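What follows is chain A paired twice: with chain B in the first complex and chain C in the second.
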Partner chain A sequence: MTDDLDRAEEADPVTDGGSTVTETERTSAGGSGLAGLRERDDFVVIATAAALVVFPFLLVDVLGVVGDLIGMSIGGYAGLPSLVLIYGIIVIGFNLLLGYTGLLSFGHAAFFGSAAYSAALFSQIVPSPILMVIVGSLVATLLAWPIGFVSIRRSGVYFAVLTLTFGQALYFYALGPGAWLTNGDNGFSDVAAHGLFLGALPLDAPLLPVFDSYTVMYAFTAVMMLIAVWVGNRIINSPYGLIFEALGENEQRVEFVGLNVFRYKLMAFVISAVFAGVGGAMFLIHEQYIHPTTGLYWIQSGDFVIMTVLGGTGSLIGPVFGAFVFEYVANVISGVNPPVIGPIGSLWRFVLGAVFVFIVWVFPRGIYGALSDLGAWLLGRSGGGDDGSDPAATDGGESE
Partner chain B sequence: MARDTRPMNRRDVLKASGAAGAAGIAGLAGCAGVGGGGGSEYPAIGNYPVEGDEVVFGYNVPQSGSYSQEGQDELRGYRLAEQHLNNGGGWVDDWSDLSGDGVLGKTVTSVEGDTATNPDTARQSAQRMIDRDNAIMISGGSSSAVAIAVQSLCQEEKVQFQCCITHSNDTTGPECVRYSFREMFNAYMTGQALAPVVAEEYGDDLNFYQLYADYSWGQTQQASMEQFLTEAGWSQIESVPTPLGTSDYSSYLSDVPRDEADALILNHYGLDGANSLPQAIEQGLDQDMEVIVPLYNRLMAEAAADSIGGIFGTADWNWKLENSASQSFVEAYQQEHDRVPSYGARIAYAQTLQYAAAAERAGTFYPPEVIRAMEGYEYDNAGLGSETMRGCDHQGQRDVLVMRGLPPEEQTEDSLLELVSTTSRDNLGYGCDSGPAADCELGDYGDEDSG
Partner chain C sequence: MVLLQVDIASILLNGLQQGAIYALLGIGLTIILGTMEFLNLAHGALYLVGAYVGLLVFRETTLSSGLLHGAGITTIGFDGGFLAAIVIVPIVGFAVGLLMERFVAEPFYDRPETDQLLVTFGLALIVEEIVKQVIGGNTFQPVSPSTIFGVNVSQPVSLPVVGLFPSWRLFIIGIALLVIGLTYIAIERTDFGLVVQAGTHDSEMVRLLGIKITRSYSLVFALGAALAAFAGLIGVSIQTISPQIGTERALVPAFLTIVVGGAGSVRGAIAGGLVLGVIISAMTQTYSQWAQIVLYLFVAAMLIVKPEGLFGSVEVGE
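Moving on, here comes the complex of A and B:
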């Protein structure tokens, strides 16, 4: 995966380094106010790592105890932290496309699902999780190229519908004519992923004696997440990434500067598909099962959009908060049985919708925006200025 | 992903240390329950051993999606079963295995989940029940794709799955697993039971045309209808797939060749059937040909009440059956809900009790022993006469009811169908080496290496 991205960065012609970039850099530094944080590559990675270490403990154990105290099962379970991170990886990439480049794709399930299916099929030959991830993301990348090549030619709703169409075509293929390959509607469950390092570390083996949410699978996912954060951070800090953002702000200006807009947009599309592919393969390894409805149906693409917007499109890790809230509501709140209201069950989408409306209404910049506002407010009390918002926001991320 | 199966008490310790770790906000609240059932004679597997005084069942049913109404009725059946297991009543009083005092001395509690008629949602919901809530048994279904997805998860996790409504041949055919049992009949048996009846009623040499819901159940359902109607001397014109969850069937229905076809078979269920059948009648297809609905359910019969008069189909069970088990279940259910149960409620009820009874017979919740107590078990107390839970593919061998819709003027709220005939299990089914069972490999019990 990193190879692809490195190539992408290398593909950036040297001539782009000149006045163009300084210009866009100035615009964005003034515009988003995130420039200070962006410089600190190592800080972002270390902060994310710290959050990843405490995340399962908070989600499963602490919330589990709180749930026992209030008599409602609001705790997570062993598989949930990994699931959140997997979606987190996908939406980090998705946000590079939506939040930075300003392209709304409604067909990212195609990359997610095709990566999952190709990882599943590959596992029949070589049951190695790492190779499955590589194969899955490779297939997603190869698929993204032609789909992007056709779709990028149109913008706005036409682009969204084109990507949606490609995704749905794959969905119907997997369900019907491709059933010999995908096992159709019965879902693909013959997945063989024996463990990391030639099966030496089984994925379900516990890492810590008492905390059973810390499994090898979680560590594997967390490492992939760290790589995703690091790569994402590198991209948006690079001149290349700044062009993405410039494209999101004003495509015409970028064109007038003399850059090949089509090529940059295509590359943003492909990069986000690589993230979706990594996520898809990881999802398969985690679930050991894939079904066309999960892998390829348009609702899955819509879920990526909701997670991203809910979390906040203006920052690198913002969407991960969206992925967390989405999966938490879907998998935990849906099983809650509050005293007066009764079982939530299928009402979970209603709950999620309410949360979504609230967040988008009150905090247009999503959950991350809300957290950074909160941080700014707290820091403002202790004498911080406008610029204090960035570190405060990251603190919010850690304690989450 | 598969979960580890290390010795007991881990989760209780976990809760306790979670409490401690959370800087004392919880004190020692997590410690309750440690120390129940210490002297277990079997190694830990899945969610065995069961700690504390309670045993958790997971009810994983569609609360949204095409089959949501089925799901509601299944839930009513599950809750009734739970109530009877804990406090007596209903079948529990008549089954010698059950005491009305919980199961193996433990009170039954439950968790519920929404499958959304989506296999992956169902798996995640079941995963939560297994990982967090320590469910020892999961039951559910009402879409064969869902049942198949969840039963494969349960096999990995070594947690028992009791199929509720799932009628696809694949469930106990190529996709069968050791940890899942199905009492409901399947599409193959529907074909066997229905074909002779309709052939006798409508004549021998007819041409039939099929529409089917394009997923696991619909596919095996239409294949079985083709096989047995062809054996009965009919010939198929065409069989056309429709996507699951279609609401407008008019284009499919207008493609039916009216002058050529003598019979139209609608392999649709739940909301799909409730849409396709009335639309077929509206288009006047019943004037030109016989309409057959292989698998009836109440939602469909209610929604299509004006259209079902004289239409043949099969059903799992009917509240009008005159055996004591059926009547005592109807009575208990009516007391709770003020109307008669659908067959979904009976299967849900029966599956929960079957599991509890098997655990009592085995004398333990140890899953391999519970499975062995159920394999090959003969019983006649579930409202359908003599039944066998066959060991080779975990498919129940039982009678199948052929039903016919009542004309609208004879219908009441609870009585929409009439029983035409009961096909005895001796005339149904297939050997362990033929039909869907030929493709079934059950997989392991999970105690092979230790035993």
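Moving on, here comes the complex of A and C:
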């Protein structure tokens, strides 16, 4: 038993974090029996599916009731679960780049936005949601290839700045010279997608009579999310994903082994852009609008970074927690009026910034990393050095 | 032909003015990056602080209203608002820089660069939100004095080739270049500058030589912050300000500047700032819609072709 756990712990920090910890956490067993299960796709997908089924209920209905009891509206609104999942899809892909391959991109808004814009344009011809997603992600992929091809040649800060410059160039193009295509400052609003299956299922139709948060749109995003989790899990647990991880740890070693570093980094970049593209098109279908500031401005890229890091970069599911916290704070907490503090309103970004700084400072592995550490600690291994690894980083600055 | 000459002259002059702001920002960012290998995404927040403190000082020292008038002072010989701000704003920036170094930067010196990026990015968000809460998200018009040292600076002056040019902007160019020059001298010619320069090459070695580099760290950080705040003060006198300018007009251009100039090089930051300033001013006067796009694509091309920049001395973060 202990042997097993120790092994798991050793592998934990960056390498094997993945889906693994998710399952130990969720089923709260964390024994050796799960060790075999955790790498299996079907288990991950089933566990995610189960979570997706209860998620809107917990977020909207249960929190709504709790909110009524304490007199603050802390429950989400009907569209929030879908929105969280859409960003969840994006950050799963983003994390393949940031968390595994170790490349910090500040330009992913370009892929998100271009997908949303192309989906909006395509909807004027064929308003089919599925086709819109396909078109959007195709455009994002085609855009990611050249941008990645150029940016990957630099690493670290230079990579971040390069992706930022391309993203910003696109943003200003959409605002100014490209206005004939993008509608400039106004963007597109009231973009209506047909229902699924040739319009047979309107997206806002309720699935269940009582709970109005379960809509066709939610089912659609939930299915996309499942696919994203499945694909992400497949990648992470494949030899291919292993190379991504190895790149994040030591690029030179990967090169010495004889692998084409450039190609793998480019693929990581393109794959993450595909996720962002899917998310961008889904965002358009869900929100029915897109304009340069939401779609292409670099702060949007920054939001992806925040979500990913907030959630935790070391695992597959971790960033989704970040997306949840981000959107929850942005959409729900911003409307809360706590007794002493007063209305939060536009302070939400301040709250988020403060939480973010705290997380980066104290828990470099994000909320998810902190939770799994806590879980491990609760399992009675306080002497295992697990909780020492995190705070140790905080006083690392005493260089003198 | 004459028309072209006029255009080129005014492009250069406007470019000089914009470039001076970029250079001020770039120097601060680059010495911090070079010496401590610390990436400060909150650099724009310092510009923001400088701009708003400048605005405040302007308002309160304008003699027909404001605090000084309330205190019974109605005349001190010249329109003191901007001069007071020139003294106060960098001091505030310096103090904020010291605090930032101590409480934000220092714990992160030994952490991965992405952590530094992230924590300062979060800090930038926080500062921007505080400004929004305290002052509001509204836009303020630029404020500039009408006279300085008894010289009327509100009217345009006639220059030989350029024609009419706002004299206030000329003053701004002059004072910005003066500050840049002084900084350059301070880093190139003084002992402190020597330590900074040595630090940008090999901080470990400087430490081994028995120089107390942590104090230099604080000073460098504070100096960079003061320069950014000063850039904010200049910005507030010619451009509208709102809480977004910290990232839009300061942070991103500062990064572009040091990319062009080369990380860790003061000379590079000055050159990079001026190059970018001229590009943006040339594009604004000809194809204004493409100005920003060309700027970003220029920087991207620079990164691809010459990643070490014009005067790059160290490879930071590669």
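Convention: the second predicted complex is superposed on the first by the 335 of 400 C-alpha atoms of A that agree within 3 Å, B and C clash if a C-alpha of one lies under 4 Å from a C-alpha of the other, contacts with A are read in each partner's own complex, and residues count from 1 in each chain.
Just so we're on the same page, contacts are C-beta pairs under 8 Å (C-beta built on N, C-alpha and C of every residue); 3 or more make two chains touch, one makes a residue touch a chain.
In this text the structure is predicted, and so the values were computed from the model without any measurement.
Because the two structures share chain A, they can be overlaid on it, and in that overlay chain B clashes with chain C. Once chain A of one complex is fitted onto chain A of the other, the partner contacts of A:304 are absent, as it touches neither chain B nor chain C. Within the superposed three-chain model, A:218 lies out of touch with both chain B and chain C [touch as defined at top].
Of the two partner chains, both chain B and chain C are touched by A:346. Once the two complexes are overlaid on the shared chain, A:326 sits clear of chain B and of chain C alike. Of the two partner chains placed around the shared chain by superposition, chain C is the only one that A:168 touches, whereas chain B remains out of contact. Residue contacts after overlaying the shared chain place A:357 against chain C, while chain B stays out of touching range. In the superposed model, A:76 lies in contact with chain B only, and not with chain C. Shared-chain residue A:176: touches chain B and chain C both.
Applying the stated touch rule to the two superposed structures, the overlap between the chain B and chain C interfaces on chain A comprises residues 176, 346, 349. The touching residues of chain A, counted against chain C in their complex, run 98, 102, 104, 150, 153-158, 160-162, 164-166, 168-169, 172-173, 176-177, 298-299, 302, 305-306, 309, 346-347, 349-350, 352-354, 356-357, 360-361, 364, 393-397, 399-400.
Across the complex, chain B is touched by residues 57, 60-62, 64-66, 68-69, 73, 75-80, 83, 175-176, 184-187, 189, 203-206, 210-212, 215, 217, 285-291, 293-294, 330-332, 334-335, 337, 343, 345-346, 348-349 of chain A. The touching residues of chain C, when paired with chain A in their complex, are 39, 106-111, 113-115, 117-119, 121-123, 125-126, 128-130, 132-133, 137, 213-214, 247, 252, 255-256, 259, 263, 289-290, 292-293, 296-297, 299-300, 303-304, 307, 316-318.
Across the complex, chain B meets chain A through its residues 1-4, 6, 10-11, 13-15, 17-19, 21-22, 25-26, 29-30, 63-64, 68, 111-114, 116, 118-121, 123-125, 127-129, 131-133, 145, 148-149, 152-153, 156, 170, 175, 214-216, 219, 241, 244.
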